[in-house]
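Next come two complexes built around chain A: one with chain B, the other with chain C.
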Partner chain A sequence: MAPGQRAEAAAATDSKMERYSKAIRSLLATSLGLPGMQDLLAKELPEEGADYRYTFYDEDPIPQNRLAFGDPRRYEIESHQFRVVKNIDDSYGLELNFQHETMSGSSPWYAVPGPDGPLQVMSGATIRERRNQADAGVRFLRGDWSHHAAVGYSSENDYVARYGSYSVELESADGLRVTSWGVSYSNDEVTPTDAREFGRVESADRDALSGSLSVTQVLSRNTVLQGGVSLTRQSGFLSDPYKLVWIGGAVIAENRPDERRMLTWTARLRHFVEGPEAALSMDYRYFRDDWDVAAHTLDISWKQPIGETWEVIPSVRYHAQSAPDFYAPYFLSQPGGIHWSSDYRLGTFGALSYRLHARLKGEKWSLSMGAEYYDSDESLALATPHFDSPGLVSFWRLSAALRFLY
Partner chain B sequence: MKFSPWWTDWRRLALFIALFALSACAHVEPWERGRLAQSRMALVEDPLLSAMNDHVYTAKEAASGGTGPAGGGCGCN
Partner chain C sequence: MTLELHRNVFSEMGCPCEISIYANSAKAAREAFALGEEEAGRLDRKYSHYRSDSWLASFQERASQSGGAEADAETAVLLDYAQSLFEFSNGSFDITMRPLTALWDAVRAIPSPEQIGDILGRIGWHRVFWDGQVLSMPPGMTLDLGGLVKEYAADRIAGLLRQAGFRHGFVDLGGDFHFLGPHPDGSPWRVGIRNPSARNAALAEISIGSGGLASSGDYERCTEINGRRYSHLIDARTGWPVESDHDAGLSAVSVTAPTCLVAGSVATIAMLHQGARAKAFLENSGLAWMSVARSGSIEGAIQ
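Right, the complex of A and B next:
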């Protein structure tokens, strides 16, 4: 290209650049502009700020026609989450998260045969628990690479988890692709309450090691796609110490395998819709494991701005899973294998979740409120359920959140 | 179903590679990336909401993972 042509091309580029806001030009100056990857970008630290979120979670009582005995009132959880992001300099940033939860209610225990199908036995006494979780992370940039390391600790009266993770992201030279690798490890300790009184295990450990790979690619000026795969191996005591199983009239503790290997494939799409200036978000996950559980999960949301300051986000989520061979609501005779569980969460079912969020945005702050209704049922399953699972849950979730940017 | 690791899941792996090989042909100039930079186009726009969603759904379903490095478990029942 001749020098004159280069100057004209540069002038044309400058003209295009002028059409964009100062904020966008700032992003272009770093040749990035990749979307929403404050936690993934290889060349830029996330925005500094502080977040608070309150969530009230309330499960519907178990219907009388599915209840054998026990307290029909199920879990209520109040949760407070805090997050602070502070950058030390242009290369180092810190993230701190804290969560406090209070839980109360009764929990599904086991199921028994009834005249029209299995009936749920609930724990009689109301459970009251607290859980605290804290984690800290550091992110640092080196050229086209971004590194992130984090450690965390979660504690409740009968469960302690210690975990850590490390991930690294690489941005391509053209700024259109980010490749990410990550590993994480967790060591959990279970110490059930009233262990001797109910013949529960007194103390047990479980470990989880996970590895993941993802590629995020800009497909067009309106569309981004991320594909990912992850493998996780859990080992140790993987049963729920509070869950029981009815076998031929006897009630004994559930017994799951002591190892589980899990695989996920994920696809996440973000598409900007030009007419309404909205963002369409679609997340899909395929899951399977060596317990013979297979699951499909699809989450779709529409982020619609209204004027300069409001945003409304309706979304829907669908989940369907199949049960492992060792699951049944009850067993009329001793099962053939050495494992058994009647935990409804392992059954074949489908779940639909409807959510609506609204967000008010200022220059340096935002306030959002949201509601969700989640319903799970055998009739929503993709696979044919062989049993009714009377413990299947439906719940409401209400939340409010505040964000401040420094 | 017999479990096999992901690298033997040939059809999904082939689809994964083909998708990104094809998309590598895409070319978007820096000045065309303004819409992509909007916060509502983020993969994870609200980390606290995302963490809470993972926590709730993992506690009530048999499937988990696929949303980033895993944290510790909980005694959720």
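Right, the complex of A and C next:
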């Protein structure tokens, strides 16, 4: 993006703009409305700074009337994220990310038939795990082109992931349109714990290759629209080695297809609302894959500045998805196909999440705090589900982040 | 194809100008220079208050008649911008204050309070009717876009050059800069900020890759009456020039901003504020700035 229109629309989203006082932003917006000024905002690297974010994620215990047996306490994750952005000069910038997570709790295993529908069986022992993730990226500008390349590595005791990505962005001559292309690849290796004892696969791997295209168009002084499509192909061991399936009384490992092709369409709208000087965002995403899963996601947020230093962002997100043919909470007899899964995450359901973020900005720092409540349920689905999925989760997520600009 | 730096020095709007760009050939560079000079000339002819035949002269004449005058798109945005500046500076920056400047320019003695009061009664953007399309003002009132046009021209020429595909270079219209982008190897341009008391000595160096850079200072023009220095900068509210006799007073301010127009306006308003208020104002803006006090001390950091 670039033009006069951009200044207003970007005023609420661009961190560089946020550094300027409201009066300066308004002067800039007016000055960029002059003819021929559209091309002026030269591409710039992201602002240099350091970030720390703490997140606490806590799943509600599974209700007793949905539990067959096992520990009702579900996952709890604490995460610490560090990020540093350093620009070498006007056209080269580096970014480093590090994340450390600790997880504990029990997870849904499989479901069994109950008097009023399926009941969830949870893993008995409390799982305690740690995950570390590090990635590094470089961004460089060449004329109208902006390139970004990154590699990363994530490791936990039973899972290792390596990934890389490359993307390039081109701004149109009139500055009103930005087109971007990207590819990414990941290779994951899973080595489940207690594999022999529980008859789990001992070691397996999977790959994912993904390509994406998006076009961002400035529609008016205050409105920016983005459309995008991405294609992903996953192959290899795509099952969750810890998930089990109840089939006619026997309990065996789930078995998903070893290939999955996914297509995602996205549309994002950013609109700057002049009266309250707020930014309205509406994001819609449509997902479809060759397992016959379809999903719709709509995310609406309102970013409201209060005075020069505060910002409050309430948002709401709705998600609905349909299940693949091989999903059922349990199978009374051997299913027709060769694939089966009772992982509630593949079921037909809908979910609503409500979020509130607040941000306090200083000259060289900002402090953000956020809370989110997520609830998923069959009754929120768009299509009527064939089955109940007793493992459906609800959770709280609380976060605090501190950011310093150099 | 190799990019080479081409430099063109010319005179326009009553000041020395320069366009320096990296181009594939001398021919491409010449085309860029022609584009830039032509645009600077167009804006000077359109908005100059020195020319009685300028478009602005006839526009303000029509605006003084009943019904007012309709502004073209370019002028409309400039007037919108001037109105924002008037509000932003609480009336200190006013494009109708030309008669005040003329009064102080003409006299060799301090004008009498009556003379100043008489003019203050006849000027002021608040007496102008402007609805975003039509401008209507009392007869005899004039518009002076001199404090905006040179900065706008630097931005506009840079925009035209970017549109023509140039990415590395800068436009300098008498100290109002717009940088299209850094040298092709990514290194920034270095601009010397002049010492107000020793015109040719650079006081500090600013590194900048892209965006606008403008300065406001009393070294450009200054009137000395009865041994006291009076800046050419006049506060439209009081009718008096900014007094810059004290050591703590500012003699120059440089500001960088995404556009030269905003950089220039902020530098000018800071000079009008003077002293501690100027510093608070600059710090509040969120823009990068540097000021030189009359004592010679430098504050702020542009890079």
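By our rule, the second predicted complex is superposed on the first by the 364 of 406 C-alpha atoms of A that agree within 3 Å, B and C clash if a C-alpha of one lies under 4 Å from a C-alpha of the other, contacts with A are read in each partner's own complex, and residues count from 1 in each chain.
In this section, a residue touches a chain if its C-beta (ideal position, glycine included) is under 8 Å from a C-beta of that chain, and two chains touch if they have at least 3 such contacts.
Predicted, not measured: the structure shown is a model, and the values here were computed from it.
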Check your understanding: Looking at the overlay, what does A:Glu156 touch: chain B (first), chain C (second), both, or neither?
Key -> first
Check your understanding: Should A:Ser341 be classified as contacting the first partner (chain B), the second (chain C), both, or neither?
Key -> neither
Practice item. Please indicate which partner A:Ser91 is in contact with in the superposed arrangement: first for chain B, second for chain C, both, or neither. Key: second
Exercise for review: Figure out whether A:Ala208 sits in contact with chain B (first) or chain C (second), or with both, or with neither.
Suggested key: first
Exercise for review: Considering only touches as defined above, state whether A:Ser399 meets chain B (first), chain C (second), both or neither.
Suggested key: first
Exercise for review: Identify the partner contact of A:Glu363: answer first if only chain B is touched, second if only chain C is, both if each is, neither if none is.
Suggested key: second
Study note, to complete from the structure: Winner on chain A touched-residue count between chain B and chain C: chain B
Review point. With the two structures laid over each other on chain A, which partner does A:Asp292 touch: chain B (first), chain C (second), both, or neither?
Key: first
Review point. Both chain B and chain C contact which residues of chain A?
Key: 20-21, 24, 27-28, 31-40, 174
Point to revise | For the chain A and chain C complex, residues of the former touching the latter | key: 7, 19-21, 23-24, 26-28, 30-42, 44, 89-92, 141, 143-144, 173-174, 363
Check your understanding: Quick one: in the complex, what on chain B touches chain A?
Key -> 1-3, 5-6, 9, 12, 16, 19-20, 23-24, 26-28, 30-49, 51-52, 56-57, 60-75, 77
Exercise for review: Using the touch definition up top, name the residues of chain A that touch chain B in the complex.
Suggested key: 13, 16-17, 20-21, 24, 27-28, 31-40, 51, 53, 55, 57, 79, 81, 83, 97, 99, 107-108, 129, 131, 133, 135, 150, 152-154, 156, 158-159, 161-163, 165-167, 174-177, 182-184, 186-188, 190, 206, 208, 210, 212, 215-222, 224-232, 240, 242-243, 261-266, 268, 270, 272, 278-279, 285-290, 292-295, 297, 303, 305, 311, 319, 321, 323-324, 345-346, 351, 368, 370, 374, 376, 393, 397, 399, 401
Review point. Tell me, which parts of chain C touch chain A in their complex?
Key: 73-74, 77-78, 80-81, 84-85, 88, 152, 155-156, 158-160, 162-163, 165, 167, 178-182, 186-188, 209-211, 257-259, 261-262, 265-266, 283-287
